[in-house]
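Report on the following structure.
Order as written gives the chain letters A, B, C and D; numbering starts at 1 within each chain.
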Amino acid sequence: MRFTVSHRVRFQHCDPAGIVFYPRYFEMINAVVEDWFAAMGMPFARMHGAEGAGVPTVAVSAEFPAASRLGDVLDFTLAVARLGRTSAELRIEARCGDELRLRARPVLVWIDAQRMQARPWPEALRGRIEQTMEE
Amino acid sequence: MRFTVSHRVRFQHCDPAGIVFYPRYFEMINAVVEDWFAAMGMPFARMHGAEGAGVPTVAVSAEFPAASRLGDVLDFTLAVARLGRTSAELRIEARCGDELRLRARPVLVWIDAQRMQARPWPEALRGRIEQTMEE
Amino acid sequence: MRFTVSHRVRFQHCDPAGIVFYPRYFEMINAVVEDWFAAMGMPFARMHGAEGAGVPTVAVSAEFPAASRLGDVLDFTLAVARLGRTSAELRIEARCGDELRLRARPVLVWIDAQRMQARPWPEALRGRIEQTMEE
Amino acid sequence: MRFTVSHRVRFQHCDPAGIVFYPRYFEMINAVVEDWFAAMGMPFARMHGAEGAGVPTVAVSAEFPAASRLGDVLDFTLAVARLGRTSAELRIEARCGDELRLRARPVLVWIDAQRMQARPWPEALRGRIEQTMEE
């Protein structure tokens, strides 16, 4: 089952051409991932705090088929395309109405924040991630 | 001939884990592209001003093989992998000393900023871009 | 009557010390102002679009009595301290629970976006702004 | 003696009105402060690393008398207005040619990053800061 959340394009996201400056899309994507982890019972505050962990993005590809403008509401969907022992590859899309605005494939790795080394997903979290797998 | 420029990792680029937050890498990549256009005689101020143009990034893929930290100097190299009639695919790498930190492949499109439509590269600019082609 | 809205401290707002990097507070303040104008029937998309206007911040002072951390929910309140012919001075506060985190006094000016010149607040908007005046 | 450094207005600093979005001015101000500490022999990487310290901004006021645009070179000057046992109040100005664009007064506090508590400036650093005092 996909995770869905909406974010509105704000003034701070837009460039002199009046459209979203693409590095801001990655801030939004990170916010969507943050929302997803919170929904799975692992808010970033706990992850980076008590859990001593982190989920850096080690690779990402993205396409922006159409521009987004100030005030647009972007409906994001997130699904897990591949779940490894320590990593996960996501499929994220954003639409405004019917129009596809963004397609991204970030690869996250679960790490021990002290050693900055990959480690296996915690069991309970892994179970939750599996529920967001693509069919 | 590749275009090269260095940028230092600043406080504003780093996250609570003490490493570069990846959307900030894309701000740096955009700055490198901006530096390159300025070096080719087409500073962004003129591009977005008198020229009535723009170079939105329509797709990008990136890998971050190793983390960057506050104070690191990143040596960027930029080369053109493919030059189309209205677009260009770049290869950008950043190293800190010998260590590869970032590899990115943005695709830019030259547009008419009013109509938000692709248009052919201006002749003089195209000649300059060709000088940055990969061998 | 004060305008109120809450924003959560996200990963993108935090610095290597794990607390909100203060320029990000100003992004949040701008978002609060944006939310307020939308609530008054003047969303930024319309303001910067059909209306041909803008509300640049020409001065601001702020204090940050206590640090904010990842995951904190900040409850913002906004009131108008002084309403001029073309400008408005706001009082914005943010609390996390009972703790004051931020107090800011931005001064906005309503401008004609083409000429970049101050102009009188539109009558209907002015009426709405008056409803947010401090008592 | 004042500390001086120049920063160019980049695409990432500008908003849909084509001028610097004011939270980005604070990113620039932070970069100027960072440059100043580096020049005093206390780069932020060492401050936040081996030194276990930090210099959060606890208050700031700023005015933006004229707008800045893409490509403008801003000449920053920084002077210390008041030096306390654990804090410092700065005067920062930015000009483009002869035109004043920004005047800011940030108050920094030297802290122990673990305890998040103010502590006295280290002696050597204090000596350097005194050399930047306003006459």
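We take it that a residue touches a chain if its C-beta (ideal position, glycine included) is under 8 Å from a C-beta of that chain, and two chains touch if they have at least 3 such contacts.
Please read these numbers as outputs of a predicted model, since none were measured by experiment.
Note on connectivity: the fewest chain-to-chain touch steps from chain B to chain C number 1. Shared numbers divided by all numbers used gives the overlap of an interface; between chain B and chain D this overlap exceeds half, so the copies present the same residues.
When the contact pairs of B-C are matched by residue number against A-D, A-B or C-D, over half are shared only with A-D.
Rotation angle for the C-alpha superposition of chain A on chain B: 180 degrees, rounded in steps of 5.
Here A-D and A-C were compared by C-beta pairs in contact; the pair with more is A-C.
Our note on geometry: chain A versus chain B, Cα centroid distance of 23 Å, whole angstroms. For the pair chain A and chain C, the distance between C-alpha centroids works out to 27 Å. If you average the CA atoms of chain A and of chain D, the two centres end up 33 Å from each other. Each of residues 11-12, 16-18, 21, 23, 27, 30, 48, 70 in chain D touches at least two other chains. With chains as nodes and touching pairs as edges, the resulting graph is complete, every pair of chains being joined.
The residues of chain C lying in touch with chain A in their complex are 10-12, 18, 27, 30-31, 34, 43-46, 48-49, 69-72.
Those residues of chain C that touch chain B in the shared complex are 11-12, 14-16, 18, 21, 23, 70. The touching residues of chain A, counted against chain B in their complex, run 16-17, 19, 21-24, 26-27, 30, 48, 54, 56-65, 67, 113, 116.
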